[in-house]
Structures are given as structure tokens and as C-alpha cells.
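Below: one structure, written as C-alpha cells.
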Amino acid sequence: MSTFGTLFRVTTFGESHCAGVGCIVDGVPPLMALTEADIQPQLSRRRPGQSALTTKRDEKDLVRIMSGTEHGVTLGTPIGLTVPNEDMRPGDYGSMSDIPRPSHADYTYQYKYGTKTSSGGGRASARETIGRVAAGAIAEKFLRLRYGVEIVAWVSSIGDIEMKEDVVDTITRERVDSHPTRCPDAAVADQMTALVQECRNAEDSVGGVVSCVIRNSPVGLGEPCFDKLQATLAHAMMSIPATKGFEIGSGFRGTTQRGSAHNDMFVRKGDRLGTVTNNSGGVQGGISNGEPIVLRVAFKPPATIGKEQATVTYDGTSAVLAAKGRHDPCVVPRAIPIVEAMAALALADAALVQLSRHAAVLPFNALPPLQNVVTPLNPAKAQDPTKPADDRAHS
Amino acid sequence: MSTFGTLFRVTTFGESHCAGVGCIVDGVPPLMALTEADIQPQLSRRRPGQSALTTKRDEKDLVRIMSGTEHGVTLGTPIGLTVPNEDMRPGDYGSMSDIPRPSHADYTYQYKYGTKTSSGGGRASARETIGRVAAGAIAEKFLRLRYGVEIVAWVSSIGDIEMKEDVVDTITRERVDSHPTRCPDAAVADQMTALVQECRNAEDSVGGVVSCVIRNSPVGLGEPCFDKLQATLAHAMMSIPATKGFEIGSGFRGTTQRGSAHNDMFVRKGDRLGTVTNNSGGVQGGISNGEPIVLRVAFKPPATIGKEQATVTYDGTSAVLAAKGRHDPCVVPRAIPIVEAMAALALADAALVQLSRHAAVLPFNALPPLQNVVTPLNPAKAQDPTKPADDRAHS
Amino acid sequence: MSTFGTLFRVTTFGESHCAGVGCIVDGVPPLMALTEADIQPQLSRRRPGQSALTTKRDEKDLVRIMSGTEHGVTLGTPIGLTVPNEDMRPGDYGSMSDIPRPSHADYTYQYKYGTKTSSGGGRASARETIGRVAAGAIAEKFLRLRYGVEIVAWVSSIGDIEMKEDVVDTITRERVDSHPTRCPDAAVADQMTALVQECRNAEDSVGGVVSCVIRNSPVGLGEPCFDKLQATLAHAMMSIPATKGFEIGSGFRGTTQRGSAHNDMFVRKGDRLGTVTNNSGGVQGGISNGEPIVLRVAFKPPATIGKEQATVTYDGTSAVLAAKGRHDPCVVPRAIPIVEAMAALALADAALVQLSRHAAVLPFNALPPLQNVVTPLNPAKAQDPTKPADDRAHS
Amino acid sequence: MSTFGTLFRVTTFGESHCAGVGCIVDGVPPLMALTEADIQPQLSRRRPGQSALTTKRDEKDLVRIMSGTEHGVTLGTPIGLTVPNEDMRPGDYGSMSDIPRPSHADYTYQYKYGTKTSSGGGRASARETIGRVAAGAIAEKFLRLRYGVEIVAWVSSIGDIEMKEDVVDTITRERVDSHPTRCPDAAVADQMTALVQECRNAEDSVGGVVSCVIRNSPVGLGEPCFDKLQATLAHAMMSIPATKGFEIGSGFRGTTQRGSAHNDMFVRKGDRLGTVTNNSGGVQGGISNGEPIVLRVAFKPPATIGKEQATVTYDGTSAVLAAKGRHDPCVVPRAIPIVEAMAALALADAALVQLSRHAAVLPFNALPPLQNVVTPLNPAKAQDPTKPADDRAHS
């Protein structure tokens, strides 16, 4: 359904041709500084129309916080977020109304719900992802303030053009955004651009792979046996439209290795054990081990293409479809903030659950009384507007 | 945690060195014939000690139905299942107590729970999977009786030895089991056997890939936007121990294709639309489309190996570990029934949810009164022991 | 948290002093006619300022459907609903900022979240209930169209003034609304009015009891053993602000009876068994039996009163509090649509789950193919705007 | 369904006439001493056949821990618990097979599940409660060790005989068990005994009320807006068989009071604020305030009575039923440990969730590293069997 998470929980709404899209983020810890300025950047990175590579649909995608904060600080209550749909052109899809787009959601939505939206697949619209990205920005801020977590995704391949460099330890969003394809290797990125342009010219599309690293994850996250961290991360990623595959650490490549080569030997790193290699991708036994969590997500080529396709109508009559609407020849550059958001949502939820497990086993006196730490009996101080909010509760 | 599913829901318990393992399966539809004989075959396929390729640990793994049936028919109440642990040898792992096994769960379990079980990783034991397999056998029977669903998994690669033949439409469990490796291509299987034997001799291990097909899935299963069918299948599969990757349909290979080549053109198939190709792997827009659901799961090489490994102890001192316990050089042959079970559990849950959606939109009179169909006012007939139970409710 | 329900699921957001309140309703069956006009009436019944008996705070409380419908018909996707907060006067509560209101949520919210909202209790605001009421109106429409369910709540007591007449079988909302107190016995209602006025004059408050009947509930709703129908109804009702008690059927009075007097004897009623009496309140063994579901909810007197109270400040210093803000001397008249909404939400969720159980045990051919009933291969008909929407899918 | 709780979560199985009953308790914090001896006492208090007042059915009800502990200490993994059914006499109920017992679950189970168990109501059997009581004993131990929580329930009325004394602050289980009725007022208890005996002689039954206090609850438990503490407590209690009503604090009586009399004035108590009176019953705004949590649960008279009842058969034919099986004339004495168990389960789950909220807002350094507190890099100490387990982790 449209809810993800147990304690840090997002519920989204909205499709292409309605008044707006958005979400409710429940379980956000209180006392965290939060304004629209924390959320908008990722929404803007997700927004179409950013470069010649993506769809021309123009949306401002300005988010509004409806609830859950006062004076720029979270209250611990649900945060409602809305983004209006400003550029609705339902007519665009009209010519496709009799022919389900091959490999799109038109047919299955039609079959499952017995209805057909103006845009065909309805909720299988890229605009659905706005709610995820907005919620993910909040999750990410919590993880960064609380643990110093850094999440960075990048385009590692488009079609058969693949970036080889290992950037797990050093990659930054700035470097990712330095090229419109969001592939941080400039030479490879230029080849990708050419390929995408070629597909656009051919009214065709192409797929790609997004890689993502989560650095500074706390140790101990993940809830075996069914909610192992790689399982909830896989669930999160495979819920993104157009995904066909997921890998953590060595992934499919690791199946070809011997155990003696694949095993990550331990070594002492500060107050914990670390590993020399990271074929595990930061997760062992379904639980984070403190090494970078490294994952890869496969995106198929977009289904909606201008090129003619020989298919059938809803009632089975042979037909030729040449889609006319706005559409991307390649979605992976725009998928970057979506992958980052889902990573943040899965991790924040696992972190809150583990905080509970952790706190539960501490001796009674180890957990400071809440009111002595963040909220003295006179609570005015907790909302002192003269101090930077970030400094108040989480640092 | 240890529960999977919304309406068809399994909760498991048990690790290596306790009295037993098992599960509770809640939400099983009533009036379905069910005895231990429906469950035991998959448990026996999962059992170690079946061939020279697998661990020598000997377990009878006999399942007992504790509740939820009477006279061999399900009641609609939770089904409790237990399997005793008969071959507990905690001493085997004693020598490893100071050194966390590289890439095993020893360290992360220790960190997360603050404890260490006799077997090291505790719940990260292959015995944990017994509960899944038992529950999956029930889910599978429901799907088979209700929809004619067929689920077959097989070994498609071990190490770099890969089976090329496309068997999605024809593969059977009989053919899979005709070779101890469970690779249905005999020539390839022989090469796999040699490779596994080589790893065993070298006290090393090797990974592999399990492929799985779900045939005759009803159309319409999957709950966007977060519980798309590929997302819950990915969650299910990536919760299996030792998994590193998941693909549906074209998977990572599909990222290299153009949309015009990747799109599955529609064609009329009986009362629904089918597709000519199946790069979608049976799922479009997160919802099953009636084509075979095809997925692949990557298993890393087992972490526990006899070969010496230079690592450190829990307190960070350099050490050499050469594991002495019983262990498989390759887990994929035994993973077959586990993958099938998780596929069945994810699909049965999605099917129950969709039955609700479906029934909710039917005109009021379309859904026959329950008591007129399966339970007349005199209910004795529903439990008539002279008729084969399978014939009563579901066929 | 802020989500209620498994398949028919509402998530709410919003407190007093933010931009707005609202909810997301997920799992609403598709193809149901739905516009704001279906939702607004219950919101208007909930709205303050309707009579001299309630608070003077003036809100338009106009709901907007953000998503989940097209052309006035539900799509099966989440329905986003928002209601702006138009009359925010945060200054009103300023004088109470040092003294937690006795029996209000000020202190516990402060302790739990470490923060304090402008309005004191933040989410413990009557405005939180707007999301429930809006969602409940949708649930109720589904239940009415699908099953003919009728839900009516009324004020059965205020203070020690109690209505004695049994109106379970005949009560209508029109009759309930015929008196501002929403007590359908005019003579008793007049006494209640006088009592509330007396409390208002004394700057005091008074509690009361809301009764509710659900007529035409389908048989078979409720999910033992933990989600018995009376348990989810109790959960739903006791989540409403200011509730202190819940009864179903005979309630506490039933504890004084002998079994022979309390048992509801069976009698044939059409195609099902009914009961002569209804001490069970429509639920037996945690499952609806087709008789009217009858429940009662106790509301305490509102905590915020103008009268002086000798209490202490947050830091424990003796103080006298005389609340100055707008506040109701009695909330039960406005609680009527809230109780109805929660009843509808609990019942709709149980109904969807039971539709799944029901459909799962039908013989394979008993459930008509979805596309043949509501969505022929040419789906245009399903959205024929020339037919009244209510007639299309559900009648 | 058969699962209760979010982080501290019990799933139960079993009915009267199967091999056994039991449960899985997931989310139990690790490192807590736990053996069968912690669980058996409450099971024995629940067991029938303890006095002339209860049913003669004789069960040993010996619990076995199947998993989740080693050396008497919890591992953090799911705890499987089983209790065999030893005294199955299915024939006893045979004579009732054509006539649904009035006010019992026979008819609704039959309608919902389309089946009929040997015992009639199947899962609506008192034996279902064994799993709850066993799980509750574990929850209670966690709450006691971690917070010093004390939970005591007692019989406050049977029929119209009511105990008036206020024992909330002082009542102990020893005093409750000092009389077979479990009413701690000996004089009133004697009258109750006479009433129950009178009902037994008349082959009739009688209801009653169980009161329960939770002392030393931590402040801050409960998750608005839907999972307020009184809502989850109500859900928990109303899921117990035969319940018809729930009250917290002043309950229905509180509806007759003025706010000025009902409000609980604050006063400083140590490092928190307490209240002078406790009409709130320990919960304000849906969140525990540190005062004793006081609740009352109404139990109807048992439906199964020997006295003749004029009713109808399943197919609507007039019939007279005089039940012959073993049955209690009054269940409230045996309900005591069940109420205590459900209180513990609801509270433990709320406590784990709040530990997460609490820990999330602490400054980064406030939460000690887990491994430094309970598990040094050499973890052997954590399992030192020479120290009493209770002293290790939780005190």
C-alpha cells in the first residue's frame, strides 16, 4: 500500500492529474530544526526539466510543510507535506486511451482497479515519487544530525556505458551534480549524454544503474529474520518505478567468488571491528556492521517511447502505438534523489527500532531522563530561538 | 522482525541450539485439506545431509501440526508448526568463540543484541529457514488449489558455471531434483558438482544463483506504491540468509537495452491480454500481469570455511581462524525450497489482499453468500470425511 | 501513531496552530462516486460554533480532495484530504505557558516529546479529529453502498441527565440533529441544555455519554483472537480525545446478569440466524452476527475551564490557573460525527479483510472475473459520465 | 488476527482440541534472565480446576521454552512457547453440534470460517488465552526489571456484589490470591462465593468486573493520535473472550462530574509532576503521566450453561439446548492473570516504542555505546553464569 516504515513512517498520496501530491511523515523525532529549505533541494534535484536529457514537463514542485513543526522545529507529531500539481495536461495522453502502453502500468492498473486514469497508469507516475523524496529529506536530516550519516547516489551505468571507478569512500553530491547525467566520471558521462541523445533522436529510451553509498551508518541496524537490513533496503528500492534489480555489496558478481576471497576479514577500527574489504556491502547477517552500505539498483528503459510499436488495444485488436506525450528517454539521472530518499527512509526506520532495542538493554540509569537533557521543567529553553536549532537537540 | 505478511502471515522462531524451530501461519483460508504430508516434502528437500554436496549434519526435521486443523482440514485459525532440534552439538563451535567469523553474523549479532549464542550467529542459522519452508508449503498449496499456481526454483549458476537454457515454461520440481545440484541441465550440473567438490577439498566455499518461476499467477497482485509485487518479492528473497542480489525479469541485463527492444508487446491470450516477450518478468507497474513471474536470487559463498583466515578476535587481536564445524561448501542446492517458500508466502499474501480489493468492487450480488457455497445451514457436509478434502472447498 | 487500519487505512496530520489538517485514506475501493460533497456534511456537524453550546472558534473547515479521484470517481489510489486552519490565534494560550492545565495533555506531551506547542497539548487538539471525520465519511459511504450499513450516534447522557428511551432500531441523523445537544429525546435534551448553560456560566465543564448503533452490518466481521470486532471498535473509540470508557451491548450492566437472562436466543431471520434480544451488541466471539452493533463511549468533562484551579507550574511552584482561551463546556454534541467516523473506519477495515477471507474460500469459479463485471476490455464504459456514479459500481 | 504489538509482539496459536497451544514472543530484549519458572506461575493461576468455583477440566498446562534463550538468558530472538493439550474430550460437545449456543461464538465462527470445530467456537476457547498469559509473564518481567512496574488485577464485582474499598495503592497478588474468588475483601468475597455457588446449583452463570492497576509506569508511554495508551489498553482488554466493557480512571462515572471536580491538580513529586487525585487513571492526552494506571474490564456471564434454553438449530428449527460439557459458572477469578498479561503486553510494547523516541532525541553522546555497557569486546562476561542473571543487564 502507500505506507512505508514501522516507527519512522511515510504515507504518500497523489498521481499526475490531481490537485497535488504529498505525504505524511510520522515518527519524526521532535526538537529537530526543519523547514522547507531542508526538503526543497532534493525535490529540485528530482524535478523534470533540469536539462536537455530529461522530460520537458515543467513543475515548480514547491513543497509546503502543513503541520508537525513550530518555529522551525519538529514537534514529534506527523509532518504533512504538499506539492501542488501545476502543469496538468490530461489531453496529452488521450490518444493512448485505447491501447495499453507495452511494459507500462496501463494494463495492470486497469485490471487491478477496474479503472483507467487520464494518464494511463495513474499512480505509476513519476510524480508519485515526490512524496518519497520529500519524506526522505527529513529522514536524511535526522540520520545526519544524529549519526553523521552521508547518503550519496550516482549514475554508474546507462545502457552498456559503465563507470568503472570506485568512488564509494569519496563521492559527494556536488561531484554527482557536476554533470547533467549525474555520473561522476566526466569522460564516461559524456558518452552517456551522447547515448541518451541518440535514444531521444530515435524516439527510443534506455535503462541504467544507480549506485548508492550510505556512509557512517551506525552498527546494529536491521531486524532479522524477515526485516534484515538488505531486505528492507531491497523492498525500498524495488518499490521505485521501473526497477528490475537490486544488489548489496558484491551482488551477483559475488556469486562467482570463493568464500576465501569473498569473506571480509576483520580489523580493529577504533571502538569497533571493521573489515579490510567490503564485499558484504556494510551488512552481515542482515545487520549493519559499520562499513559503508553499498547498493545498486537496475532501472529498465522507460516504457513510453515515441517509436512505433506493434501491439494490441485493450480489447485485443492489433494496433500501432506511437506515444506522443512528454517522456524521458532515460530516468536514471532523475532517480538519484529517489534512491537516496528510499535509502534514508529504510535506514531511519531501522535506526529508530534499534534505538529502542539498545535503550531497552541498558542498565536503568544509563538512559538520561528525557526532561533533564532536552526539556528542563521550565521548557522555554528548549525552544530558545536565539540558538541555532541544529545545536539544540542533536549535536 | 520475525513476521512476514499482512493477511497471510508467518511468524517464525528457533535457532540452532534450542529445543526446536517452527512457526505460526496466520490467515490460512479455512476448509483447505492440510496434513503434515503437505509440508514434509519441502522440509525434506531443505534438509542437510541429502548428498555429498551438503553438510553432514543429520536432522530428521519432522514437522508437527500443533493447531489450526481438524480432521485434516484447515479451520481458518492460526496453524502452529514445530520441528524439534535433534542434533545439537554446541561444542562444535566452541573453538570459534573468541574470533568472529569473517562475513558471518557473529559480530553483528554480538553488537546488536549484546549476546553471543553457542553457534555464533544464533538466528542467522540455516535452521531458521525451516519455519519459512513449512509455512511456504501451506501458502503454495493454497495458491495451487485456488489458482493453479506452480512455483519452481532451480540452480542456474554455481561460481562461474552457468546454465544457459531457458526453462521458464517447462521446468518441474522432478526435473530439478533429478540431479543433486538441482541444476536441471545435466551437463552443466556435472560441472557444478566438480566445482563444489573442488571447493570442499580446498576447505573453501562458492556462491551461486537460484532462478525461480511462478506460473499461473493471477493478474492484479501487488499493492503500489510501496508494496509493488517486485518489492515484496525482493523483501522476501533478500531476507533469506546469504543473499546479495535480486532480479525480476530482465534484471540488470535489461538496463543495457533500448525501450523498443525491452518493451513486451501485448497480444490477446484468452480473456486477458498477454505479452509476446516477458522482459517484465510477469510484473508491470508493480502488479502481476498474468505472465510467468521470473526472478533470480544471488547467494554469496558461505562464510564459514575450513581454510585458514587471517582476521582478529572480538577484542581486536590478530588471529587465524580455521572453522571446524559442519558447513556447506555451497548452499544453493538447499536454497531451492527456501526460495520457493518465500515466493509462495509473498504471492499468497498479495493474493489475499487482492481478493479483498476484487470482492469490494463487485456488485452486491456478485459475491455468493459464504454459507450457501461452503457451509449450508447444516454445516456437517463441509466436514464430510468421505470426500477427498481437496475436492470440497477449492476445486 | 497516526495510522489506523490494515486494508482500509487512514493516516492523519495536523494540530491547532499549523497551516492545516487532513489525512490520507488508503485502500478505498475504486469506482465509487466521491466528491467533497460526500465528506463536508460530517465535517460541518463536527465544526465548532454551531450553537450556543459549543466553542466560539470559527472555522469554515472546507475539505479539499487532493488525489485519488477523477471525474468524481475513486481510482483505488490514496485519497489525500486537506482542510486549512483559518482561525489561528496562538496568543490565546500564552498566559498558560508556565502552568500545565490539570487533566489536559500539556504535561504529558511536554514530557514525551520534550517540546511544547503554542496551544499546549498540540496534537491533543480537537482539530486533530478533522482528519478522522473526513476519512470516516468515505468509509461510511463505502459501507452504505456495499452493504446498506447505517451508522447513527447520539448523546445519551450529559452529566447525570440520561436519556432512557431505546432508539437503536429507529434513530436517524435527522432526529439527532433536531436538537442542538444531539440528544433525540427533546425533553431530556432541554434539561441537558440547561445543565451545559449552567456549567458555562460557572466557567466549568461537564462530561457525557455518546451512544452509537451500526445497523445492517454484514455477518462475519472481526479477526480473532486479538482483533475481535469489539477490540478494534474499542481501540477506535478510546483513541478519541477525552474518552474514559467503552461498552458494547450490555456493557458493565451485563456483568450483573445471569447467563440465562443475558444470553441472546437464536431465531431464524431470512437466510441467517438472528437473535431475540441483543445483549451481545451485535458481536459474538469477537465477530459480527448481523444484529445491530450497539456501543457507548464515555467522555470526561473538558479539562480546560475558566474557573480557578490551584495547581503548580512546570517547575513545581504553586500557582492558580484560570484558563482564558476558547473552550467547550461540553464536547459530546460535537463528538457525534467523530464517533460515527471511528465506527465506520473500524467496520470498513474489518469488512475489507473479511471480503478477502470470504473470497478466498469460494470455489474458483464463484468469484466473477473483475474485468467482466466492472471493467470490460473496453473500459470506457466504467467511466460513463452519463450514468449516476453510485449506480455504476456498487448498486 | 493473532498478533498483538509493534516492537514487543506476541503471536498465538491453538484451540481446545488440537495438539497444543502456545505463542511466539518477538522483540523481547536480550540479556534478560528467563526460564519456565518465570512463566509458569501465571499459567497456573489461569489454569482451571483450582477451586470449587471453576471448571473441573484438568490441565497441567506446563509451558516449555522452545527457543530464544540460552543458559537461562534471553538472546533477543523470538521466544517460542508451547503448552500441550492433555485433556481433550471432543465427545463432550457432540450433543451441541446441531444447535449454536446462544451468545457463544459457535454461530459466528461457523459463518465467518465456514467450518465448525469439535468444540464449537474453536479459537473462542478459554485455552486460547494460555498464549497471552505466557507472553504477558515475559512482558511483565521486562517491565519489572527495567522500571519496577507492578501489575495487579483483582475481582471487584461478581453479579451485583461489589467491593467498595480502594486498594489501588496497596493491592498485591498475594492478597488477591488469599481468597478463591480473587476478591481481596474477604467479607465481600464470601458473598461472591455464595452467589457463584448458587449459579452453579441453578446450572446458570454470572458475570463480573476485573479491576487492574499498573504501578510505577514510566511517564510518556502511548502513541497519539490513534495509539493512545488507553486505546491500546482497551484493544488489549476487549480482545479477551467475554468482555463487554472497558474503563480507565473515572470511566463512565466520570461523565457525571464537573471539570472542576474531575480535573487532577498537579503537585511536585520528586523529579516529575504528579497529581493529587487520579481521575485520569494515569493517562492524560493518551500518554502515561506516572500515576497508577487504573482500569476496569466487564465480563459477561459465560454463555454455556446447563439450564435449558429455547433457541433454534443451525437450520432454524426450534430446539431446546441444555449444555452438558464442563464449564465455569463465573470466569472472572480465572481472568485475573489474563487481564494482567494483556496489561503487560500493551505496556511493554508502548515502553519499547517510547524508548526509541526517547533515545532518538538525546544528544549523540548521551546514549552509551551498547558494547561498553552490556558487552565488552570480550563478550564472555555477559554470559557469566556465576552471577545472578537478573543482576547482569537490567538492575
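Per-chain numbering from 1; labels A, B, C and D assigned in written order.
Here is the rule we use: a residue touches a chain if its C-beta (ideal position, glycine included) is under 8 Å from a C-beta of that chain, and two chains touch if they have at least 3 such contacts.
Small disclaimer: the values here were computed from a predicted structure and weren't measured.
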For chain C and chain D, chains touching each: A, B
Identified repeat of the B-D interface (over half of residue pairs identical), from B-C, A-C or C-D: A-C
Comparison of A-C and A-D (more C-beta pairs in contact): A-C
Longest centre-to-centre distance from chain A, chain (CA-based): D
Distance from chain D to chain A - Cα centre to Cα centre, in angstrom: 42
Intercentroid distance (Cα basis), chain B paired with chain A, Å: 27
Chain centre separation (chain A, chain C; CA means) in Å: 35
Two or more partner chains touched - positions in chain D: 1-3, 7, 12, 30-31, 76-77, 111-114, 123, 220, 224, 272-273, 314, 316, 357, 361, 370-371, 373-374, 393
Footprint of chain C on chain B - complex, ascending: 6-7, 29-31, 76-77, 142, 146-147, 220, 224, 271-272, 351-353, 355-364, 366-374, 393-395
Touching residues (chain side chain C, partner chain D) in the complex: 1-4, 12, 100, 102-109, 111-114, 121, 123-124, 128, 157, 159-160, 199, 202, 204-209, 219-220, 222-228, 230-239, 241, 243-252, 254-260, 262-268, 272-273, 275, 279-281, 284-289, 296, 298-305, 307, 309-312, 314, 316, 354, 357, 361
Footprint of chain A on chain C - complex, ascending: 1-3, 7, 9, 11-15, 17-24, 26-27, 30-31, 64-70, 73-80, 82, 97-98, 110-118, 122-123, 314-316, 370-371, 373-380, 382-383, 393
